[in-house]
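You will see chain A twice below: alongside chain B first, and alongside chain C after that.
Up next, the complex of A and B:
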């Protein structure tokens, strides 16, 4: 199952080797040309001989993760996050360390040994270690080196009613949408970009957009969804099950009005539910893509993801499938000349 | 009865088996079949304590030794179903709420439902919010289902366990939930296995007790019912990690932990140490100033008073879902327990009440 393979693969920002290899194997049969750029983004060209406009679909493949920075004398591993991680969600979780996927746990001092004042404060990063079962620095060094990365050890599973849980739906859902789309044939050139280093400041997408220089671009993402008990309505971002979320404004992009309206109209005429992404915080690769070269007509569509950046995230499979449908409908509309640059 | 089980593998399975205080049936059923490798005489008392009787070879009256290993684990319980189908919960036993955020949990309703204890994404939380630990009453479980379905499947009072797959770490370390106190149950099984090779005078009552985590309740009734000459509790002890005082932090892979202090009978303590020295079993000491937080707390004051000893296995991150032990310490504790039991005869038991002979 594609989402299981995608979310269980490892892809820390700057160390996307495993997820890139997995995606490469998935897309290779459908590609005219596949290559990587100097930062490591994977670019897949299809329909290059067809008449334009040239459309780029882009999804980042990296995930928030941890890096081992030091090995203590007692064999415990000191780490720091790569990307935005709330340290509070790290406590009492298993992780996979390094390419060998060494199992480790992030423990906490037992509650019995904590004072009342300690209990009221979050456990800070300075109090956390990864324990791989090494009894000394020498033993730990046999399995792990500083600079190794670690990701959450979370299995993909379908749960509840048409929901799935797993790690890194941000942004393996975007990668999944691109892979499902490349299996279809379009009468226009479509370039599929799997970018690196989004989680540490949208690093990979700019060089990709510059190189590909498409007529228009659509960014696929997993985005904030906090439609849970106690959340004020204005703070939910998106609502699970209400369809793909179309970005209006975020910290890096003000949506192009023409693209925004075209996406909404496309969804309406194809009878695909959709919603606006209703928070201004957070950003995605659109922030770099729309500013590439002389500027690129860009839109962003996201799958609402609860508990984003946490070890166990949740999506609606309906939202995911509707996002795949919306992307196809969008490309068909461009094929027919429905969106001019 | 002669097959040799890999008890480390058994332990990994036991860790994933639910058994919160008062709801120990699933773990109890598994343990019953494991106990039946050693004896046909297995029964439960009214609280649900699982008691296996292994008869000794001595002449009657044989010494009666009770070994208590609690089988319950800290758990959660649904106390409210909220709008949208989100669940609120409280606890059975002492969780640190800070270890629950972002955790996957199994809610044991009419069906077993996997859910997530939700966390606010960093994109939406303020720096001030991130400075605060979230109290348990503000946490919620998301089952990924509509409210109507949730209400069909889940009722207030349904129990919840953390969904955690057991893990093998490096160097024979094992991690998972409920190593407190399934590690001791593995030690007990290792000990029963070892006992089969030894000449044993005493009758052994191997007990998987219930409701230890809410106040050693199972040990109260089971000790009364068995009325042993000697009570031994096997439990886990905090292991060293940064921020833990030297005397409280036992060494991982440092050997079986022998407790001594007011809760412990001095002759049992001495016999444990002699036995370990004779058998070459690595040990370490835990010095107590008051009662142990184990079933030994209840055993010592059962009926007219029971000579009590406590053995432990060093464990890191107690009451989290990534508790960690070194399996060698489990084996050492089991071996020490077995050789201690084999050393007990009628004379030793009779001396336990003699405080004026020196």
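Up next, the complex of A and C:
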């Protein structure tokens, strides 16, 4: 199952080797040309000989994760987050460390030993460590080095009614949408970009957009979804099950009206449910792509993702499939000349 | 120039939705430009062909956007929830009249029981007079931007008060320079940029396209001449400020010197701007492509992040002359 393989693969920002290899194997049969850029983004060209406009679909393949920064005398590993990780969600989570995928667990002081004031405060990064079962620094050093990364060890699982839990739906859902789309044939050049280092400041996407220089771009993402307890209607961001979320404004981009309206109309005429992403916080690769070179007509569509950036995230498979349908409908509309730059 | 400034200031142009102010500018520059176009981001870019085939391009830029609000959600009862665009004060919005870019009016309310210092944008809503969700959604589609609506008026003998003056005085200076500049040896490019407020976004692709050999940005700087103002040496009426640095740029010294020498040669009053907490489009121009030599002239503005900004028209006139004379000086160097 594609989403299972994608989410269970390792891809910390800057260390995307494993996820890139997996994606490469998936897209290779459909590509005219596949290559990586100097930063490690994977660029897949299709239909370059066809008449334009050239459309770039882009999804980042990296995930929030941890980096080992120090090995203690007793063999415990100190770490720091790569990307936006809330330290309060880390304690007692199982993780995979390094390319060898050494099993570890994030430890902290037991509740029995905590003072009253300690119990009232969240456990900070400095009070946590990764325990890989090593008895000493020497033993730990045989398995791990500073600079190794760690990701959450979460199995993909389909649960409830058409929902799935797993790690890194942000942004393996975007990668999945691109892979499902490349299997289809379009009468325009479509370039599929799997970017690196989004989680540490949209670093990979700018050089990709500069290189590819498409006429238009669509960014695929997993995005915040807080349709749960205590959230006012205007504070949910997105609602799970209501379809792909179209970006209006975030910290990196004010949506291009033409693209925004075209995406909504495309969804409406194809009878695909969709919603607006109704929160202004957070950003994605669109922030870099739309400012590349002379400026690029760019839009962003996201799969609502509950518990984003946490070890166990949740999506609706209907939202995922409707996002795939919307992307196809979008490309068909561009094929027919429905969106001009 | 006073008339254009007022007209431009009243025009609506929240970042990302600059159509209204852009249309006015396009009309103003049309008689003096050889050609103009609007790029993908919405930047208005005008050209005046040089007469000497020097192969050089000089770019003048001013941003045309202003901070504002955007509708992101409509509630069951027809109230519209908003988010900020750029630097706009939450508390300052309460009770304000706002106007969306589709000309719909609204009044900003705040949820009861919130103390003013704890109010966030999530507590605000806009009352557009709708009686239902459907009614409101048809008036204000999600993503519609708006601004606080304020007219402008003369304040004392030389001053003008109004909204968005911090960007529109720069636009007015560019129009004035374009009108007054006779045949010029180099190719001249005038950029009215979008989306400066959320972080100098529009100017990035505009600067990339310009491939300029030399650029000047005209904008504004916070005046420090009001009671207990934050420390700043800028005073209204003492002339335009030549930028030394701001948060995004240290102006190449030879450009700062050229501006100062020009001002002295033509006996134009000027001040020096060192802004630790402000940014301008100049920083993004400087770092475009392989680096573009850029300088900046700023008009001192009081009450910068409010809908009632104050400028001195003599400073604007002098800014225009300083830019014009600097352009003339550049072609001889």
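Convention: the second predicted complex is superposed on the first by the 341 of 341 C-alpha atoms of A that agree within 3 Å, B and C clash if a C-alpha of one lies under 4 Å from a C-alpha of the other, contacts with A are read in each partner's own complex, and residues count from 1 in each chain.
FYI, a contact is a pair of C-beta atoms (placed from the backbone, for glycine too) under 8 Å apart; a residue touches a chain by one contact, two chains touch by 3 or more.
Not measured: the values here are computed from a predicted model.
In the superposed model, A:279 makes contact with both chain B and chain C.
Number of chain A residues touched is higher for B, counting chain B against chain C. When both complexes are overlaid on chain A, the residue A:143 reaches chain B alone and has no touch with chain C. In the superposition on chain A, contact is made by A:306 with chain B only, not with chain C.
In the superposition on chain A, contact is made by A:235 with both chain B and chain C. Once the two complexes are laid over each other on the shared chain, residue contacts for A:27 go to neither chain B nor chain C.
Contacts of A:123 after superposition: chain B is touched, whereas chain C is not reached. Applying the stated contact rule after C-alpha superposition, one finds that A:77 touches neither chain B nor chain C. Annotation: chain A residues 235, 279 touch chain B in one complex and chain C in the other.
Taken in their complex, chain C has these residues touching chain A: 15-17, 39-41, 43, 70, 72-73, 75, 81, 83-85, 122, 142-143, 195, 198, 201-202, 204-206, 208-209. The touching residues of chain A, when paired with chain B in their complex, are 72, 74, 76, 84-89, 91-94, 102-114, 119-123, 127, 129, 131-135, 139-140, 143, 153-155, 157, 159-161, 163, 165, 224, 226-231, 235, 237, 279, 281-282, 306-312, 314. The residues of chain B lying in touch with chain A in their complex are 82-84, 86, 94-96, 98-104, 113-116, 118-125, 130-134, 138, 140, 142-146, 149, 164-165, 167-173, 175, 238, 240-245, 248, 252-253, 293, 316-324, 326. Contact residues on chain A toward chain C in their complex (touch as defined above): 232-235, 248-249, 254-257, 260, 276, 278-280, 290-297, 341.
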